[in-house]
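The first chain written gets the first letter, and so on, giving A, B, C and D; residue counts start at 1 in each chain.
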Amino acid sequence: MSKTVVMDVAVRFGDCDPAGIVFFPNFLRWLDAASLDFFLQNGVQPWRESEKTGGVAGTPVLEINTRFVKSATYGETIQIHTTIDEWRGKVFFEKQLIKRGDDLLVEAKVTRAFVSRDPATGRLKAVEAPADIRARCE
Amino acid sequence: MSKTVVMDVAVRFGDCDPAGIVFFPNFLRWLDAASLDFFLQNGVQPWRESEKTGGVAGTPVLEINTRFVKSATYGETIQIHTTIDEWRGKVFFEKQLIKRGDDLLVEAKVTRAFVSRDPATGRLKAVEAPADIRARCE
Amino acid sequence: MSKTVVMDVAVRFGDCDPAGIVFFPNFLRWLDAASLDFFLQNGVQPWRESEKTGGVAGTPVLEINTRFVKSATYGETIQIHTTIDEWRGKVFFEKQLIKRGDDLLVEAKVTRAFVSRDPATGRLKAVEAPADIRARCE
Amino acid sequence: MSKTVVMDVAVRFGDCDPAGIVFFPNFLRWLDAASLDFFLQNGVQPWRESEKTGGVAGTPVLEINTRFVKSATYGETIQIHTTIDEWRGKVFFEKQLIKRGDDLLVEAKVTRAFVSRDPATGRLKAVEAPADIRARCE
């Protein structure tokens, strides 16, 4: 059983397009925010802090597969349900559902990697998922 | 052999995130713009026009699968290459590559449907790809 | 004494630019959302509803003057304080402060007009502030 | 006589709101891009480069006053005309007009400061406009 974190989003007028519905890239903005929120809600330190001590500096997206089922419009509040399905070395697989109550709006599978900053070169490189982060999130 | 249309995008400071690279949902904004541009460059009427006479009112995204290979930053110009891989009834499959010269940055497969507006109810419904649009785009 | 409504905004990673701070146009997105929220929190009907019966269809911005005092970054929650300073015929003047607790981040003066849709032509035209809306918001 | 630089913007579907017109904060995104473009077109080094040698690291906005005259919609190409009206110590004043051919859409007055990074603390601080930058832009 893996943990699920739910983040609310209030859909605003400016998030919607001339068809009156959410412009789909905005769903991806919210998926990204919900992914970060997942770690924070599970008690993981902000990347800004962990980066300072040579730890994780972020979790860039490698791949995102998104299926759009129903639309949403401004004035509605929607919920983003995030869970990590699988951990595989330096990579992990998120499942994210965007719902409006019981209605499924968007289903997403996201592949991300943990990266830290090489102290010598300052460049980002993929690293194994730290054990303490896994323990908090599984 | 299917047609390919290339659209340039100048990456701006405000498209980039605190890591200094394009915030990934912005790539999807550009994929959407390039999809619309594909039809216009092939001589298809704007949906706003065709909608008035009962024709196509738009091509909403059903599914989008995106793989992020390399990042981009502001000051760079990138190219979005769009082609339609397959037509299947009311649905069509786009292949979109975002490149910086020869470098592949993002690879996307997008499923979209043609919709028109039901004159009785005003609601959108999926319709077969019009033959003249297929002829212009294949 | 005029009413003030406060709306919270959680600043996200993707709202920030390569300098690590909120990209300033995003402050204006939130000012717009807070302006709409002001009316709803004061019990005014959504414009989508009032528009159907020939009432207000929206409050487009005519002018916005914004002074940026301090920056904000992701992980912070900020508050947008909205009040209407003056009503003048078809136009009204909002004062909006963006604060982080006691810290002032942004000060904005916004001029907006009430518009409704002409039933004959379907075009938007400026209208006097409806008395019931003024009564709820003053 | 001061120099004017004109930058074109193609308005896209996703830049527009449910009223079918450009969501006004997007005009400010383009004003920001045009401000940066003004310096580059006049032969000023990118801030990323000048920052490395202790020079200008950016030109943050202190104040922006914007008047919205006419709307724009997707499919249109608009032009942003940027000039610097006045230089006053560490601060400069831009005048920016957004036009569609001869039609004025938006008029903006923007106050910005030059900043560089203090080598000791790494913090940004306002600095006098470098003479070579003024010479290129006046």
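Simple rule for what comes next: contacts are C-beta pairs under 8 Å (C-beta built on N, C-alpha and C of every residue); 3 or more make two chains touch, one makes a residue touch a chain.
The shown structure was predicted, so the numbers you read here are calculated from the model rather than taken from an experiment.
Trainee: Pick the pair from B-C, C-D or B-D whose contact list overlaps the A-B contact list by over half.
Mentor: C-D
Trainee: Using mean Cα positions as chain centres, tell me which chain lies farthest from subunit C.
Mentor: Result for max centroid distance from subunit C is chain B.
Trainee: Quick check: how many Å separate the C-alpha centres of subunit A and subunit D?
Mentor: The computed centroid separation for subunit A versus subunit D comes out at 33 Å.
Trainee: Can you work out the whole-Å distance between the CA centroids of subunit C and subunit D?
Mentor: Spacing between the chain centres: roughly 24 Å.
Trainee: Cα centroid separation between subunit A and subunit C, in whole Å?
Mentor: 29
Trainee: Can you tell me which residues of subunit D touch two or more of the remaining chains?
Mentor: Each of 13-14, 19, 23, 25, 29, 32 in subunit D touches at least two other chains.
Trainee: Quick one: which bits of subunit B touch subunit A in the complex? Just the residue numbers, please.
Mentor: Subunit B reaches subunit A through residues 19, 23-26, 28-29, 32, 58, 60-68.
Trainee: Which of the residues in subunit B come into contact with subunit D in the complex?
Mentor: 12-14, 29, 32-33, 36, 46, 48, 75
Trainee: For the complex, which residues does subunit B have touching subunit C?
Mentor: So the residues of subunit B touching subunit C come out as 13-14, 16-20, 23, 25, 73-74.
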